[in-house]
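Please see the structure below; I have some questions.
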Amino acid sequence: MLSVQALACERGDKKLFDNLSFEVEAGHALHVHGPNGAGKTTLLRALCGLVAPAAGRICWDGEDIHDLREDYFRKVSYFGHLNALKDELTGLENVVLGLGLAGHAVEEAAVSEMLARLGVEICQDLPVKVLSQGQKKRVALARIMLAGTPLWILDEPFTALDVHAVDVLSRMIVEHVTNGGMAVLTTHQDVGLDLSQVRHIHLGKRG
Amino acid sequence: MLSVQALACERGDKKLFDNLSFEVEAGHALHVHGPNGAGKTTLLRALCGLVAPAAGRICWDGEDIHDLREDYFRKVSYFGHLNALKDELTGLENVVLGLGLAGHAVEEAAVSEMLARLGVEICQDLPVKVLSQGQKKRVALARIMLAGTPLWILDEPFTALDVHAVDVLSRMIVEHVTNGGMAVLTTHQDVGLDLSQVRHIHLGKRG
Amino acid sequence: MAEYFDMGKYAFFVWGSYGMVAVCLLVEVLMLRRRRRTILHQLSRMIRIKERESA
Amino acid sequence: MSINWFKYSSPASFYPLAGSMIPWFTAAAVLFGLVGLYVSFFVAPLADWQQGQSYKIMFIHVPAAWMSMFIYVVMAFWAIVGMIFKTRLSFMMGSALAPTGAIFAFLGLWTGALWGKPTWGTYWVWDARLTSQLILFFLYIGYIALASAIEDPRRADRATGLLAIVGVVNVPIIYFSVKWWSTLHQGSSINFNPAGADQRALSMTDSMFVAMLLMTFCFWCYTIAVALYRVRCEMVEREKNNDWVQDLVKSGDA
Amino acid sequence: MGALRSILVRDLTIAMRRKADVLTVLFFFIIVVSLFPLGIGPEADTLRTIAPGVMWVAALLASMLSLGRLFYNDYMDGTLEQMLIAPQPLGLLVMGKIIAHWLLSGVPLVLITPLLGLQYDLSADALLVLVAALLLGTPILSFLGAIGAALTLGLRGGGALVSLLVLPLYIPVLVFGAGAVDATVSGLGAEAHLALLGAGLLLSLVLAPWATAAALRIAFE
Amino acid sequence: MGALRSILVRDLTIAMRRKADVLTVLFFFIIVVSLFPLGIGPEADTLRTIAPGVMWVAALLASMLSLGRLFYNDYMDGTLEQMLIAPQPLGLLVMGKIIAHWLLSGVPLVLITPLLGLQYDLSADALLVLVAALLLGTPILSFLGAIGAALTLGLRGGGALVSLLVLPLYIPVLVFGAGAVDATVSGLGAEAHLALLGAGLLLSLVLAPWATAAALRIAFE
């Protein structure tokens, strides 16, 4: 369970948000709303431990994530603005080696299947460099889907995806959460997440 | 007037589309549809002269754009996946110098006003580096809006924009076209462009 | 004969030169042939798959 | 008789033509090589009065050095043709020559070094001709590295073509600059005078000259055969989705 | 001309925003020049003999090192593709960028050279010629380097690849540049060397922007 | 250990996909070494004196040049931030990357050195010591360089900045490395120098991955 207490983040001399508290339990999702520049990306990166908060605590099962470190990282997958794909490697290699780095051994067959589910089976033997924006995103998403971590932190996962892929992805998120996983996500698009257990947070005013 | 005859594009050894013909007249817009990897970005870059087509001709007022070169470039603005912003410069400087490179001299006041219209007035004195995804997009869009070219080529201009900004931008596009401009655009999002004179092209099957 | 191959004590230099020339040209030819064989191999496999699919 | 040259600038019609030329040039290379080696070792004088038998290296050193320079010029020629007529084939011809040119440049260095030890007492001196040969080798390596770093063949063609042209403008500049440099402060430990070598080359006995010529023809024919072979590989690789390649493969003529 | 000016202003503004860039090229030069005495030993005679060569090699490497900046950033953030479709002759824009590159990487080296020459115990005459040679030679380095930088644009390993392409082309500059100083030291007069450098500068001024523009277009096809 | 292996495999696979990268570092080294005689003149005696210094400076520069690749690509495409939040000790991952870097940039230099030594007319003894010293010294360069690369990560002008940070750290390696050869040539024996290099290698092996990991965390805060 992820719990956040009185969190505050600053960038430069701008206070993005403060006194933010919430919890995300198993089987729940958190949708972070807010206009451009409100601090959504900053919040999500703080939840991964990539940004140090100005104040407040972020805890996993009651312990501060900065103390847990690797033990916490084992539970989280982060999908950010960057795809974390190597241009030279093929789609398949990227997913396999990416998961290997995160300490998850997977079979190539499982990866192929996931790429097929995401509609990019033909990309599995192409170097990622030549793929289109949307295809890259999907390959990157396959890694998250296969990591088997309980907590997914997804920063605008729907951008660049076509209608069909948006549909596939949102169903995957719903499935993950209803199976007892957790998800924190942002998106500006109006995606129908068919979830009962979703909490909403609104950050900042426009600017 | 932009007219395209029997255009074909290839990437690697993949044929993306061929025998594509269409026209875009003053006061008209063209919406290019297609799933991820269909070749929308490739088509738009070809229309700018950034990608050499495998076959076919792209003409502006009847002359091939590869012969016209600078004379054609004077008429086009391209907004691609990259923002063409310099991280070190402020939003204001970026727009002014970007327009300077394209040979358009503008007043700072006009730039400030446009940034305000796009809702990023507070970004004008911040280095672009620290801006959020959506804020960067908006600053980049300000350049297109101020260039005063008749033909806008916009590759997914709505990604990363929040609801309000999507609204502002789509109204600007409508205004440009109804005033006799032209626009070619792609987007996966369901944006309500309130235009009567819009043609649609569908590229490729999914994959 | 052995005396001839000794090249007046310059055997190392003379045969070293001719040997390197032979090796280089030979390796180039062999690598080219291997390259050609692999391409044709891949291509015929590709064509077979395509024909099977279309059939 | 007039030949339509442009007909052969399309890969589909050049491919079989090249295929039919390869055996002839291979045969010529083998023939010139065998005769050349025979003359070098059994007809030409056993030993040079000054250098002993080490002079036998000349019969491969000089042709290799000549070829390495000549091939670079030919590459630039093809690049210019390609830029003007926008024919893919010319670019392909140019880049097919590069590895062979690099090999000859290397062989020129290698055989020269092995010749230098017995004649000058050292494998290497910073003489103008030697140094510019070394730089030529680097130019080849740069060309090849650039070609292999670019995946898109169309971009690779034009980029390497441009490099070949820039390089060929520079080769003479490099040669003369280096020449001037090393004559200005010629080291005392080097008592090799390139002009002396030229004179000796002129006063060579006929059999020596014939052997060298034969070896040059051998390398020449070898280069042509190998370049044609490489161009054919390149064509098949690039156009593997085109009908003419697939038909060839299906019919077993490839 | 407007194009040339506006790109010059832009590149210089960005550089002023990040002074570290300019300073690091300069310090790289200083450090390389100062490394040699450490690797070779402190004998004044040896050092004086090798001084022109070392300075020139260091200048070559410093100039080459900063080539990475020349187009790469513009390429990554999309500014370069905007330049390609700008209604201005690309050659002119490229010329502007090269001049900015020289102002930021060449001129500082030339200015610091007299100081470094003292380390190597060079005479005033030799120093003067060295500075003159660098003044004529460093712009050639920028011009030739631009071609290499454009050819390798966007290729991984570009940084090392560009050095492979460019260093052989730099050799005549090195030979004449270092030769000029040697000639002065041995009393022969450096005019011929300097005249050749000047000719090289003119030649590259005319040809290089054009070749670079062609290379950039190729990189985007 | 699994982490170390998987990152080694990954980096080597990528390098094999782009062989040009490896070869260009090697040829950069060769070219720099060959540039010096052109700047300095062809006298064999002078060249023999400066040979160890030149080779070491060239090795320093080659190693430094390839540092750009070490983290930058991973940083730009987001792989590095994934490593930071991977459930593996970051120090181990970093160690894997550094070893891969040495295998790809250090080892080739060591292998080509004997050939280059011939150009400078070095004796067999001196060559042997030079190779031994490079074998001990180049990994130190990779380890120290990694710290610098991590500290400058994401800063513009990183390429030049890293040289500024790293070259001073390299100086002891240069001094002992070139000193080892000089000592052999003058008949003093190179054991002491080589032992010091070995000690430096051990020290950096233990400390550098840890420092690098810390620097990477800082770069992301």
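Chains here go by letter, A, B, C, D, E and F, matching the order in which they are written, and residues are numbered from 1 within each.
Methods note: a contact is a pair of C-beta atoms (placed from the backbone, for glycine too) under 8 Å apart; a residue touches a chain by one contact, two chains touch by 3 or more.
A quick note: this is a predicted structure, and the numbers were derived from the prediction, not measured.
*Asks:* Which chains sit in contact with both members of the pair subunit E and subunit F?
*Replies:* D
*Asks:* Can you name the chains that touch subunit C as well as subunit F?
*Replies:* D
*Asks:* Let me check something: if the centre of a chain is the mean of its CA atoms, which chain is farthest from subunit D?
*Replies:* Centre of mass proxy via C-alpha means gives A as farthest from subunit D.
*Asks:* Which chain pair racks up the highest number of C-beta contacts?
*Replies:* Summing C-beta contacts for every pairing gives the maximum at E-F.
*Asks:* Let me check something: if the centre of a chain is the mean of its CA atoms, which chain is farthest from subunit B?
*Replies:* The most distant chain relative to subunit B turns out to be C.
*Asks:* Counting only Cα atoms for the centres, state how far subunit D is from subunit F in Å.
*Replies:* 35
*Asks:* On a C-alpha centroid basis, what's the spacing between subunit A and subunit E, in Å?
*Replies:* 45
*Asks:* Taking each chain's centre as the mean of its CA atoms, how far is subunit A from subunit B in angstrom?
*Replies:* Their C-alpha centroids are separated by 29 Å.
*Asks:* Provide the C-alpha centroid distance between subunit B and subunit C, rounded to the nearest whole angstrom.
*Replies:* About 52 Å, centre to centre.
*Asks:* For subunit F, what residues touch not just one other chain but two or more?
*Replies:* 18, 20, 24, 27, 31, 38, 41, 73, 156
*Asks:* Residues of subunit D that touch two or more other chains: which are they?
*Replies:* In subunit D, 138, 141-142, 145, 149, 152, 154, 178, 181, 185, 240 touch at least two other chains.
*Asks:* Which subunit A residues reach two or more other chains?
*Replies:* Residue numbers touching two or more other chains: 81, 87-88, 127.
*Asks:* Quick one: which bits of subunit D touch subunit E in the complex? Just the residue numbers, please.
*Replies:* 135, 138-139, 141-142, 145-146, 149-150, 152, 154-155, 158-159, 162-163, 166-167, 170, 173-174, 177-178, 180-181, 184-185
*Asks:* Looking at the complex, which residues from subunit C come into contact with subunit D?
*Replies:* Interface residues on subunit C, with respect to subunit D: 7-10, 12-14, 16-18, 20-21, 24-25, 28-29, 32, 35-36, 39-40, 43-44, 46-47.
*Asks:* Which subunit D residues qualify as touching subunit F in the complex?
*Replies:* Residues in contact with subunit F: 113, 122-127, 131, 134, 138, 141-142, 145, 148-149, 178, 181-182, 185-190.
*Asks:* List the residues on subunit D that touch subunit C in their complex, please.
*Replies:* Per the stated touch rule, the residues are 47, 52-54, 56-57, 60-61, 64, 99-100, 103, 106-107, 110-111, 114-115, 117-118, 222, 226, 229-230, 232-233, 236-237, 240, 245-246, 249-250, 254.
*Asks:* Can you list the subunit E residues touching subunit B in their complex?
*Replies:* Residues in contact with subunit B: 2-3, 6-7, 9-10, 13-14, 17-18, 73, 76-79, 81-89, 93, 220-221.
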